[in-house]
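Dumping the structure here so I can ask a few things about it.
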Amino acid sequence: MSRTLQLDAGGRLRHFLTIEGLGRDWLERIMDTAESFESVAAQKVKKVPLLRGKTVVNLFFETSTRTRTTFELAAKRLSADVLNINVAVSATAKGESLLDTVRNLEAMGVDMFVVRHAESGAAHFIARHVAPHVSVVNAGDGRHAHPTQAMLDMFTIRRHKRDFSRLTVAIVGDILHSRVARSQIHALNTLGAREVRVVAPRTLLPVAVERLGVRVCHDLDAGLEDVDVVIMLRLQKERMQGALLPSEREFYRCFGLTAARLRQARPDCLVMHPGPINRGVEIASEVADGSRSVILEQVGHGIAIRMAVMALALGAVQG
Amino acid sequence: MSRTLQLDAGGRLRHFLTIEGLGRDWLERIMDTAESFESVAAQKVKKVPLLRGKTVVNLFFETSTRTRTTFELAAKRLSADVLNINVAVSATAKGESLLDTVRNLEAMGVDMFVVRHAESGAAHFIARHVAPHVSVVNAGDGRHAHPTQAMLDMFTIRRHKRDFSRLTVAIVGDILHSRVARSQIHALNTLGAREVRVVAPRTLLPVAVERLGVRVCHDLDAGLEDVDVVIMLRLQKERMQGALLPSEREFYRCFGLTAARLRQARPDCLVMHPGPINRGVEIASEVADGSRSVILEQVGHGIAIRMAVMALALGAVQG
Amino acid sequence: MSRTLQLDAGGRLRHFLTIEGLGRDWLERIMDTAESFESVAAQKVKKVPLLRGKTVVNLFFETSTRTRTTFELAAKRLSADVLNINVAVSATAKGESLLDTVRNLEAMGVDMFVVRHAESGAAHFIARHVAPHVSVVNAGDGRHAHPTQAMLDMFTIRRHKRDFSRLTVAIVGDILHSRVARSQIHALNTLGAREVRVVAPRTLLPVAVERLGVRVCHDLDAGLEDVDVVIMLRLQKERMQGALLPSEREFYRCFGLTAARLRQARPDCLVMHPGPINRGVEIASEVADGSRSVILEQVGHGIAIRMAVMALALGAVQG
């Protein structure tokens, strides 16, 4: 279903909502396109005219300056006009329904919605209802998916490791609440990673997580053994107030990535994190800033990936 | 007075503050100009360079993401630079007077203020005090006027009905608090509509509303009889808390537009609404989304009308 | 130290953080460059392509719509892309450190940070840690400095008076809390002003203010005697609630600039104020709006000065 929603009748990418159902060909096509945009950031004039005269709306029902900024920058580097709409303070306060908001913006002739929403499925819902010429990109929906984040992670891994079939990747931390983890697991499996491990206490794992195609570990040392890539997840501080976790200190002691812990991994292991990092909560500063960390590199690739997704979905480049 | 304030010595449009005093020639000129911009939205590159290097300031003393968005889009399609200033959170909090705020922005070399203010007359006040090279557009002031909204409504009607002299138009709902209704009444009478009716309970009508040149109805069925166009107004939910109205349900029963009610109107009657709509309060979903509804079309024409007003006021096109 | 931080190995301006240590040559170079940008505001198309494809981030840890607007306008007139980030509502709320925020934006390929922060030294701190290709401009840090404001003041004085060595300048008001005053004193002394006076009650003067190279007056009439320029400072209303000052009325009686008071100054004395002004608190309306006032002229020059600083720091013009 997601494939048919995301691709049009001619097999072109129209929406980018989730990794599921896209297939390895599309993930590679997105990464190849991003590769061609990497050089734009190095140019003196960091702009290409591919989306000139197009209007991209950042439709954020949940505040995320960081994610909004990456999409805004990506759109501007493609020469699009960008409208930032924070719906929490906007029309919904006046009782306008989600679809009425979308249809109104659509009627103004916008070309793309970048949607962030606290509820899973919001971007899909919008995608199912927009006019044929409008594209939707999911910038994070509830616990469900954050596909551009997963793609920039894959892109970063590919740049360093090339062949996914040889890789063991550990994803560590709050898997339960993480839309990023879900998207990463789908992407790694689609790209043929040898093994995907999730490392977390039982309270922070979804029910039947094994069905996603992962090996489960409850011990960090075992989970890191011989991995090629470790992806640390951000621990949402608000989880601490609930009964799921004893304390930050306790979490760090058991699941925090320190230099000592990292010795379990392969010597050339990449350390990744979607950011923003909590130093001393899920990761030690010496690791976050250390030689194996590619955390800031991920951020940079995030612009290229978002440019790629936008340009492909609006038909400005051939996938 | 409004005419002399809105037109310069050479008879060109300088400010756009109210429909009153502009005359039929100007309303038609604005619509003709908008007609030429309708095609821009259909182009691959939805931009014309008419206002390149001009700076438009959205000076909003009252939050309205929706209205701000339409002006921002219109300005960007004309290639202007746009500054969004929400004055509630800005200098006035530091005790700076309205005029000092305006004069400061003026000194920075801006070209146009799009003003939204909760008090009637705010845009006129600013227009009387700006430097000769600066234009002011009223984006809604108190209960007084919302002239670009009225013009996009006229434009929508003209596209469907052509000749105003044959039309009976009903405006239904909270006339008392509506700046939109006031501007629509002036525009319809200026354009020579055969009859303008207002349909509302006595508590939601201004004193002596007949003097504006309308027929008053307190019954929706009678009010809709043989009309060519029905314009539903948004019912501000906050009115409900006062003594003016019994309840939403009661209002809907008496003044809500349903498919059954609409049968009183002519078979080709247009259904209009300035948005955002309250489904089940002033209008039934089946009517809002039905075949006679041009509500979303209005939104699209709003961009063209705002482009026209901006381009005319800044002398980028000949009126 | 500030010189070495602000200039690169080749002696070019890289950051603009403070007037201290820059030297007369650089202050004059900035003013000369601003002179060349003054004409841009008068052009039909108020844009030059000097920073096309560059990304300027307004990184504001303290809200200041006014200052943010001037930098945004200046950047847009140079054709840069602008990102506005209000950090109070952004990632720091999620516990991300200042440097992580900066490094993330840096990784996205931005070229310049315009930094506003309530703590003295914040812009220096960021400048010491950014990547080699990134520039930092201080848009006000705590009580420390506001160098672009001081430069636009110097530029305004130079346009009217030409030769600083003949000038006596009085700075009047809350010197203690003013970052503007500190930067002005440094700039005036660097440019060789004959005499810089500070005029304030003892409670609003920093300890040992004489060491900055100023003459201290506690009496306004004496302080204004034969001055060529008087710069009034804004009285922060929140100071009134403390023990530093008896009342607004009392302050105005002793230190408010009225037409009568101004007679102590030279007949061609300029009246300046960084804005926003408090009418009837530190300055009478008749003086603020009078013939000697250049307050609004300062605002206009502020755009040219900020364009100059941005273009110099990013190497788009030769200093």
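Each chain gets a letter, A, B and C, in the order it is written, and its residues are counted from 1.
We take it that a residue touches a chain if its C-beta (ideal position, glycine included) is under 8 Å from a C-beta of that chain, and two chains touch if they have at least 3 such contacts.
Chain-to-protein mapping (UniProt): A, B, C = Aspartate carbamoyltransferase.
Here the structure is a predicted model, which means the values were calculated and not measured.
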Between chain B and chain C, two touching copies, which fits better, same or different residues at the interface, with half of the numbers shared as the threshold? different
When chain A is superposed on chain C by its C-alpha atoms, the rotation angle in degrees, nearest 5: 120
Distance between chain centroids, defined by C-alpha means - chain B, chain C (Å): 41
Among the residues of chain C, which ones contact at least 2 other chains? none
Write out the stretch or stretches of chain C touching chain A in their complex. 52-55, 81, 83, 85-86, 89-91, 94-97, 100-101, 103-110
Interface with chain B, chain C side, in the complex: residues 41, 43-47, 63, 65-66, 69-70, 72-73, 76-77, 237, 275-279, 296-297, 299-300, 302-303
